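We call the chains A, B, C, D and E, going by the order they appear; numbering starts again at 1 in every chain.
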Amino acid sequence: MLTTEIFDLLKAKFPRIAKEEGTSAVIIPKELLLEFGRFIKDAPLIFDDLHCVTAIDKKEKIDLVYIFYSNPLQHSLTLKIYLGPEDPKVESLAAIWKSANWLERETYDLFGVTFLNHPDPRRILNPYDWKGYPLRKNYSAPNFIAKPKL
Amino acid sequence: MLRSMNNIITGILSLIKGLIITFNNNFTSATTLQYPDEKKAMTERFRGLIDLYPEKCVACYQCVKACPTACLAMTHKQTDEKKKITNTFTYNIELCCFCGLCQQVCPTGAIYMNKIYEITTYERNKLYINLLNPEKYDEWPHTSPK
Amino acid sequence: MAMMERIPAAGLIQKFPGGKFFLASSEAVLKWGKASSLWPMTFGLACCAIEMIATGASRFDIDRFGAGVFRASPRQCDVLIVAGTICVKMSDCVRRLYAQMPEPKYVMAMGNCAISGGIFYHDTYSVVKGTEALGIPVDVYIPGCPPRPENLLLGLMKLQEKILNEENANNRNI
Amino acid sequence: MADLDIKEKKDIFTEEFLINMGPQHPSTHGVLSLELKLDGEMVLECTPHIGYLHRSFEKLAENRTYTQFIPFTDRLDYVASMNNNLGYCMAVENLLKLDITDRAKYIRVIVAELNRIASHLIAIGTFAQDLGAFATPLFYCFREREKIVDIFNEICGNRLTYNYIRIGGVQSDLPKGIEEKIKNFIKYMRSKIDEYDWLLTYNVIFLARAKNIGLLRKDIAINYSVTGPNLRASGVKRDLRKDRPYLVYDKFEFNVPVGVNGDAWDRYKVRIEEMRQSLKIVEQALGSLPQGDPTVKTGRVHKPAAGEAYFRTENPRGELGFYIVSDGSAYPYRLKIRAPSFSNLAVLPELIKDAKIADIVCISGSLDILMGEIDR
Amino acid sequence: MFTLLNLTNMITTGIAVLGFIAISAMFLIWWERKVSAHIQTRLGPMRVGWHGILQSVADAIKLLLKEDIRPAGADKLVWWLAPFFVVVPSVMAFATIPFGKTLIPKDLNIGVLYILAVSSVCVLGVFMAGWGSNNKYSLLGGIRAAAQIISYEVPLILSMITVVMYANTLSMQKIVESQSHSWNILHPNLALAGLIYITSATAEVNRAPFDIPEAESELVAGFHTEYSGMKFAMFFIGEYTNLFIISAIATTLFFGGWKGPLLPGVIWFLIKTYSIIYILMWIRWTFPRLRVDQLMGFAWKFLTPISFLNLAIAGWLLL
């Protein structure tokens, strides 16, 4: 299915979603996430593969990005949720897609996005007692040596 | 019964096949390159240590800018007729990733990668190199043109 | 001779005719034994580990130097080849592995990451800047990213040379 | 029978114990740490701990120009550097909307497929090593890999970290006479793969160790977002080279080998078959290699317009995705690497049903994980 | 009577045996490295002596000089004794191995029984090492070793009994004498026994493909994970001495012992023994390792019934 077709289908079901400027991503409000996830997992869209979860720190907001892929229909979808920079919280998708478990842990580890009802809400890449969220733009570490700029 | 017998026989045959493979390899000549006695010639594009033709360098800083690890550092002095010559040019092997980006951006071909690959040392400070020094790599065996 | 002084009867042997010669030559034999049988640890951290295996494999064959017995247990190793980037999470582990090795033990820093953090020196928050930053003394530095297997073999030979010429290293004795 | 079991459990006091496998363990392929809960030889629970090689590539990328980051992609999945270069460069080219020449596309296919073979060779060798075939199959695999490394050494001048594929093409054209060497290698490699079949694939001990171990069902694999040979071994025919052909993969004829049961042996077998297919692709690509300039002239500094691109390529370990967000400057604003091994490892706790310690080693070996790209 | 002559005789025999063990173990270690190297199309030790012949000497010197670490939580006495329990029985087993017509330390009339009794003690040492180290990997290795060695003892003994039945004696020397006309291995009944013997003996000394107690890729180094220096060397020597002994017994029981034309008996004996060792090495460097339950299943479900069957057939034939 083409991206526009997917979007039209989703728009009919969830009127509050929008399309992001410049990209083909779909933006949804964060409270819709679980419902949205359950909808796209089943027919007619069958996004059976949550391919990637990540975040982008845009200073004034944090974009949470989900990339879905459908094996039988071979189409993909990029989903975005805008979160506030202070203590971002969102529902976990781990109950629907198992792959979300580790991907969300990673996002929590690096960006500090808290996933509610996550089965294993620990850090994953950094040591369990690590302080701060390294991929935030305002992060600073004690042993951080910046490359000299020319 | 017949099937299990068959299984046993194919099993034993597979083991014997494996033994034949290793036995054959036992008598093929070794592929070993006996390193300190035999050495392989490095290929034409081999990326060894960074080297410099000081006379060709125009101090354009392209290599320093291109370096992903900041292992090159350079200062220059301005001679009268708008010509720049390098004053210092240091190379820190410790940080180098041998990617060849500096070699590629150099407009005059002054900076290049030589064929030295046997670079082992007891002291770390030997890895901090003044590229303008003509005897900089004398400690390590090499065949590249000087 | 320092190594010999630890042997209980060394003083007595020295008094006999030819005793000194005997001690000196036996020390040479001991050093030769130490140098010719350096068993590395099966310990790969990152990219350099692949080159370490390649050094052990048929083409370069580190076993020719008697160093082909890769032991997985630190108790039975002589050389710790730090092959790769040491990260903060891993640093305690590397330190413990070094502590678990019995004396005399040697460390080879293979690759720029193990020497100084290398390519990951700048702009990273989770990389330790080299083996020495962990407090582990390094005997031989093998730069490269990753070093060619020949370079690792040369490093091994340099380490052997160092052991053979060892005078009295106070921290590394029998 | 049932009450006998209960009685035994009451009378004999047994205790589970925890064992830490790794980060330094001969068969965890680097610095993976597995926390195993054991009941004798039986594994009850398995918790992977990762991050021992977390080198913060994604933070680094924010301070490197687009070209400067290519050497770093080499160190991600360090046994398949060419494929990583390829994935990253294609993502950046997508962002730049840059077209490359035909010759460059063919050269990229050749080097990527050769590197796929090299990577699978290591996977097979270490898998056999994990099963206890001490060193011999591994060293055979490395012997063959050295030939590929020699070819790469001639093409780009390095053994492991190639930095050959660049934005807008490749570092430089193929050197003279390399085609002949690659053709010789293909011939040599074909006979060697048959040899592996004799030595390992149908060996009765090997079969006993790997068959029906670590069964990965199709639906679980998809749910965990497992990709690459591991997914195909479970019977899902998903290969980006076929499904969404990038470069010139649509011009070549090759099969996508698929497994039946999704056990460790199938995963191994899919890799063996993929090597054969890769040889086929390289042969075809060499046969129809167009002439011309392999590089497109681009500026030294790439400044893509603000926007984002997500591009996936088929890596030897699965689908490698680069998600690049640009703000219009010479540095990526955010770069996310979707590493295939990361998801492939996440499925490990699902595979350990009724496994013994020896099986854990077998399963983790058959998944062919690589810590460099999991921890990034 | 315990005369002085007897004593000197004992001492010289002891020294000869010990010297032979040391040299043989060192040679075997070097040889194994060479064999594995050539199978892997490489060269193996090359740089000390001719083709690295002195490699094992260097290894031995180095292991002697190594620091001996005792883990803090180790069971001190058990930890200390374990290596001796591995080495001493294998040395004792030499007592009844006939190297030649007269070249036998002591031709006991219960030779086979003696060897079986003595070599069973080894497992105790392995288990003690596993237990005493206070290391989980070692413990697993120890448990595996105990289970494995005891299981494989059954087919091993049954196959040896078949030979004893045919030869009608327990003395090693007389078993050799009974093969004056043809080797036991040429007899179909005993050939099967011989195969069973070699298989279970390989398992008995923990060699690949039955090396699960050490299982480098699973248990790091198995029961000797925590041992360093000289104690580790003792395990090493014990392993290779055991390898020599099982091959020597196989030679004696199935391949006609020291009997052979032209050359002196001892040469024939060594040639045969080292050929068997070579085959075991060849097998080791070819096959993957079995899993622990498959290993036990193989012993109890396959080897033991077959050897019982074989024994029954032998009894029926001899009747």
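As a working rule, a contact is a pair of C-beta atoms (placed from the backbone, for glycine too) under 8 Å apart; a residue touches a chain by one contact, two chains touch by 3 or more.
In this text, all values refer to a predicted model and were calculated from it rather than measured experimentally.
Common neighbours of chain D and chain E under the contact rule above are B, C. More contacting C-beta pairs link the chains of B-D than the other of the two pairs A-C and B-D.
Of all chains present, the one whose mean CA position sits nearest the global mean of protein CA atoms is D. In this assembly, the chain whose C-alpha centre lies farthest from chain A is E.
Taking each chain's centre as the mean of its C-alpha atoms, the one that lies farthest from the centre of chain D is E.
Chain A and chain E, compared by their mean Cα positions, are separated by 61 Å.
One simple way to say how far apart two chains are is to compare their mean CA positions; for chain C and chain E this gives 33 Å. With centres defined as mean CA coordinates, chain D is found 25 Å away from chain A.
Averaged C-alpha coordinates give centres for chain B and chain E that are 48 Å from one another. Those residues of chain E in touch with two or more other chains are numbered 37, 39-43, 46, 216, 220, 285-287. Looking at chain A, one finds that residues 126-127, 134, 146-147 touch two or more other chains. Those residues of chain D in touch with two or more other chains are numbered 25-26, 51, 54, 56, 59, 63-64, 71-72, 136, 139-140, 143, 146, 161, 199-200, 203, 205, 375. Residues 22-23, 48-52, 54, 56-57, 65, 67, 71, 74, 78, 97-99, 101-103, 106, 110, 123-127, 134-135, 146-147 of chain A touch chain D in their complex.
Put simply, chain D touches chain E in their complex at residues 17, 19, 25-27, 40-41, 128-136, 139-140, 143, 199-200, 203, 205-206, 208-209, 356-359, 361.
Those residues of chain C lying in contact with chain E across their complex are 29-30, 32-34, 36-37, 57-59, 61, 63-66, 68-69, 71-73, 75-76, 78, 100, 102-104, 174.
Only residues 35, 37-43, 46, 282-283, 285-287 of chain E touch chain B when the two sit together in their complex. Listed in rising order, the residues of chain E touching chain C in the complex are 33, 37, 40-48, 52, 54-55, 57-69, 216, 220-221, 224-229, 232.
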